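Shared between the two complexes below is chain A, which has chain B as its partner in the first and chain C in the second.
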Partner chain A sequence: MRAGGDSVLIRYLARRALHAVLLLFGVSALSFALVDLAPGDYFTDARLNPRISSETVAGLRGEYGLDRPLPVRYLRWLRSAMAGDLGVSLAYNLPASALLAPRAGNTLLLASSALALAWLAGVPLGWWAATRKWPGRILSFAASAALTIPELLMAVMASIVAVRTGWFPAGGHLALPALVLAAGSMPVVIRHTRAAVLEVVDSPFLVAARAHGISEGRLVFRYVLPAAANPLISLAGLSLGTLLSASLLVEVILGWPGLGPLLLEAVYARDVPVIVGSIVISAVFLMLGSLVADVALYACDPRIRVEA
Partner chain B sequence: MRVKSGVLCALSGALFVALCPGEELLVSHSAKGRRDGRLTVALRAEPKTLNPLIAMDLPSRDVIGRMHADLISIHRQTQLTQPALAKSWTVSPDGRRYTLHLRRGLRFSDGHAFDADDVVFTLEAFLDEKTHSPQRDLLIVDGHPLTARKLDAYTVLIELPAPYAAAERIFDGLPMLPRHILEKPFREGKLAEVWRLNTPADGIAGLGPFRLKQYQPGERLVLERNPYYWQEDGSRQRLPYFDELTFLFVGSEDAQVTRFAAGETDILNRVSPRMFPQLAAGQASRGDIVSDAGPSLEYNFLVFNLSPAVKPTWFQQTAFRKAVSMAVDRDSIVRLVYGGRGAPMWGNVSAGNRQWSNSNIPIPVRSLSQARDLLASAGFTWDSGKTLRDRTGKPVEFSIIVASSNTERVQMATIVQYDLKQLGMKVQVASLEFRSLVDRVLNTRQFDAAIMGLGGGDADPNSEMNVWLSSGGMHVWNPGQKQPSTPWEGEIDRLMRAQMSAIRIKERKQQWDRVQQLIAENVPMVFLASPHVVVAARKWVGGFAPAAMADYTLWNVEELFHRDN
Partner chain C sequence: MTGDFVTSPEPILRVSNLTKTYSKRSWFSPGGPPKAALNGISFNLSERETLAFVGPSGAGKSTLVRCIAGRERPDSGDIWFAGEDRRAIQLIPQDPGTSLNPRLTALQVVSEPGAGRRVPELLSMVGLPVESSGAKVTAFSGGQRSRLALARALACDPRILILDESLASLDLPVQAQMVNLLLDLQDRLGLAYILIAHDLGIAGHFADRIAVIDEGRIVEEGPPVELFQRPQHPRTRSLIACAPGGIPC
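This part shows the complex of A and B:
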């Protein structure tokens, strides 16, 4: 039975991996084409330098292959991606992967710190809100209100607070962007936890368990949370993706050396390999988040194993 | 501990000087500090490379400029040339042969000796077409490259294919490279691949005041003192004073000001004049040094598309362009866009250009009635709704494109739109992404009018040949003409070529003055305003001497010091 379950899981993972490859192929081709649609290229900037002639700019475009047709450039990028380089950055003259790797690590560190903060605080608060009538409703309302504040505004406010109080460095430190991102995603965690617990808390099996005299603490950890876990696990997978996209903006404002500042600069500079590489890496993060959530669901919920 | 390391440094420095008796150091008499401390400066973006041969972006050039040195440099305040690695030079009577005498006994930051071979190699590397150096064009005169020949270990002869006025200025910003490191990759055709950001610090050597210490991707780049730097102060202390120079990568101007206010950076190397009030608050509360260094070399302008194919032909009429110029309220632009810290412009040379601005160009008084008279004399009429119409009855409507990333120019466009409405013109402002704008103006030519900005490089007119020659790729109103399409453009072509080869400065000035006059009379561009250079430093930064030319505050970085030390 166990061996059969494992092979099901392996088949599932293989199917997901194949989907991932196809998706990454599509994402990279589409982003390559979309960036190409915008007028100008990396060397357009040099055209406004009176000390650089048009001939020199044309020579540079040729040197970097920008005068080739789009499919040729994409295939060249694809070959480089297969080799793990993700193309050569036009601005940095370095393999895009060498630029993206340390920054992607920083973005992941920021997103996972924020995720941990949001969940460590959000789940107990959500559970507390589900078990208290009016305080719970007030907290739920406050969480809904907090959802309307965009991370962008929170980051600007955090930056002002940092300068005024001196409690945090105004830029370049993990604490401030992690707090901003955690504050941005915590209301969702609180609301979902509250809803999931409320759904379980009055269910017949819990009433029966209570009637058997099982302690409240054991009830929560042994029965309530596992039963409420499914939507929360799915949410956690999605949260990682949401946090990653929100972190790009927050990184720019609060000076965290992640993918955000690099991507923004690459977009302005039309550094195609870095843009496409960033998008591909973000897509990989998203898919991994969702995959981890799916595997966790598979491990936690026997019904899914049976259906599989 | 700190005192100990300072003493050790001083001793090693003294030992080095004693071992190199023939070392011809440049004595800086304006430097009066003490060697110690760290300086932190924000960069608007991360540098892209540490390779001077291929660097195009400003942050890279800001960093490279501190790690390398040139033969002759331009003093950023006087805007005149001064000796650097070349202690002196002579020019042949025909202006084609420059004999440069190098300082003796100098060393690169790795301790290797510098001599004429490095100079010859550097010029060869920059000129090699395979290198694709954006600076190559500076070394091409009259379509041919200059040549460099070693006369002895410390003398180099530079020969120009044609007389070229102020040729010594081309050496500013042309860093001398270490042949002992770069010759091998050069011969292998791999010069563009060297000195990337991930190159180990000991793989890079230069003659600048600092050398690479550490690079943290996305965050900072740290330089440390070059112990072999070739300048000393009056008390024989070798420069630079600071032990370390750190560049923090701070993406936006607002964030730069925020982090300066938070005490995380020590110098703001030029920000928009609109930031001045915010900085002045810091001046009052923390005693920061906030300086307005006056008009920059940058000039902002409205340019019409004068390509022959453009219909209708209003823009081709000088009276139309003059009327537009007369209607534009430049004082409002300076007041509203730059908070009063800018200079209105009527000609193509900013008041910040001390040597070359033509002060005789008449300052036109803004007059809507005179503008209307001009339009009426050119056959334009107004209907009952006060809409301006041309001879055929067509209403005068056009669009102005402007880069969306430049809020100041977007504001200018809005002011111009309002001013031209007073003349009955219907103007639409379209904000475009910067590269799209450049593409439309210089490539596809699909635009009516644009607001742009140029300048900021060298003060010398030769640096803008590409703008003013009718054949130039940056002759923005009608680029790349085979023959000048108007007599006045023909005259500008002749004058620009003449001033380029004139040897006497007075003769050049007369020719360039005439070019400015022709531009003011024919109004191919409506010049608007030049922003002031606004900079700031912490109160303890000594030797702070901001200039209107780039690199505004860091041009004398070796002379900056910590006052409290």
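This part shows the complex of A and C:
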């Protein structure tokens, strides 16, 4: 029975890996096409410089392969990317992967710190809101209201508070961007936890278990939490993705050396290898988050194992 | 024929003048007048007796059994039970499968109420193989889940089992097997049953007495044969006329 379960899991993971590879192809091709659609390229500014001849610019474009048609450039990039080489940054004249790796590590550190903060505070608050009628409704309403504040505004406000009060280092420190990102995603965690717990509290199997005289502590840990975990695990996987996208802007405003500032510079400079590399790395993070969530769901919920 | 009635043996459950009203008011609408789900219901139940409540949807049957099982508080009236532990009144809901935690195994489900070592005995009592005790709830069929819910109820050493349309979700052969099993358990353990049914056919086969309930009141009550042959109340006559599989007489 165990071997059968393992083979089902392996098949499931293989299917997910195939989906991930196809998605990465799509994401990278689309990024290439969209960057190409934007007017100009890295050498547009050089063309406007009277001290650089048009022959020199043409030579440089040729050297970096920018004179080739889009499909050719994409296929060349794809071939080298499959070997782990994301191309050479036009702006820095360095391998894009060498530029991206430390920045991606910083972004991952920021996103996972924010994720941990948001969930460590959000789940107990959501539970509290589900077990108290009016205070719970008020907290849920406040969480909905907090959802309307964009992370961008929060980051600006946090920056002002940090400068005025001196409570936090204003730039380059993990604490402030992590707090801003956690504050941005915590309302979703609170609302989802509350909804998941409320749904389980009314479920027939919990009503029946209570009628069989099972103690409240046992009900919480054996019935309520495992049953409420499913939507929350899925949400945690998605949260990583939303945190990553939100972190790009927050990093720029609060001076965290992650992918955000690098991507912004690359977009201004039309540094295609860095742009595409950043997007592909973000997509990989998103897929990994979703995959971890799916495997956790698979481990927690027997029904998913049957369906898988 | 309505209201209080007494059966010959000493009752183990006595319900007197039970009332329960639901308000339709909400924050956004004043609603209509409150709806009386139970309107002065009284009856007695003896050991080894099966009493069926039949009636149309919204007649108050489920409210009645939820009050008896302690899941809802009546507005007024008395429920007297010849036992100190209310766990001796067990309710098996409409879809028994949904009352089982899908994450648990059969062993965990049946042992949860404190059955411990009795699990194999309880499983075989309801006709489930003892070897299945390690399987998750999701591995059981609908009929087997009903048996599992029954085994868990038996783990509480009940004196009264309330079957709130618990057989309705099963197909006919499984329904018949469950009825036979319940009759056998009644014989062996001296259980009393309160059966809630839409289907007069099942109630006729299974129950010693049938009470027709309408708008929160018992409008007619009696042994099945008597009730089917000489129905007095228009509601009883309409239920007999509408019985999908006919009535057993």
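Please note the rule applied: the second predicted complex is superposed on the first by the 294 of 308 C-alpha atoms of A that agree within 3 Å, B and C clash if a C-alpha of one lies under 4 Å from a C-alpha of the other, contacts with A are read in each partner's own complex, and residues count from 1 in each chain.
Convention: a contact is a pair of C-beta atoms (placed from the backbone, for glycine too) under 8 Å apart; a residue touches a chain by one contact, two chains touch by 3 or more.
Since we're looking at a predicted model, the values are computed, not measured.
**Student:** Is A:Arg270 touching anything from chain B or chain C once the two structures are fitted on A? First, second, both or neither.
**Tutor:** A:Arg270 contacts chain B only, not chain C.
**Student:** Once the structures are superposed on A, label A:Ala170 by its partner contacts, choosing first (chain B), second (chain C), both or neither.
**Tutor:** The first partner, chain B, only.
**Student:** First (chain B), second (chain C), both or neither: which does A:Thr148 touch?
**Tutor:** neither
**Student:** Give the label of whichever partner, chain B or chain C, reaches more residues of chain A.
**Tutor:** On the superposition, B touches more of the residues of chain A.
**Student:** Touching A:Leu262 in the superposition: chain B (first), chain C (second), both, neither?
**Tutor:** After superposing on A, A:Leu262 lies in contact with chain B but is clear of chain C.
**Student:** So, does A:Thr56 touch the first partner chain B, the second partner chain C, both, or neither?
**Tutor:** In the superposed model, A:Thr56 contacts chain B only, not chain C.
**Student:** Could you say whether A:Ser215 touches chain B, chain C, both of them, or neither, answering first, second, both or neither?
**Tutor:** Touch partners of A:Ser215: none, neither chain B nor chain C.
**Student:** Where on chain C is chain A touching in the complex?
**Tutor:** 69-71, 87, 90-91, 93, 95, 98-104, 112-114, 136, 138, 149, 152, 155-156
**Student:** Would you pull the chain B residues touching chain A in the complex into a rising list?
**Tutor:** 45-46, 48-49, 51, 54, 56-57, 129, 132, 134-138, 192-193, 196-198, 216-220, 248-252, 255, 258-259, 261-262, 264, 405, 433-436, 438-440, 442-444, 452, 454, 457, 463-467, 472-474, 480
**Student:** Within their complex, state which residues of chain A touch chain B.
**Tutor:** Against chain B, the touching part of chain A is residues 38-41, 44-54, 56, 59-60, 63, 91-94, 98-99, 102-103, 106, 159, 162-163, 166, 169-172, 252-253, 255, 257-258, 261-262, 264-265, 268, 270.
**Student:** Using the touch definition up top, name the residues of chain A that touch chain C in the complex.
**Tutor:** 203-205, 207-209, 211-214, 222-223, 226-227, 300-303, 306
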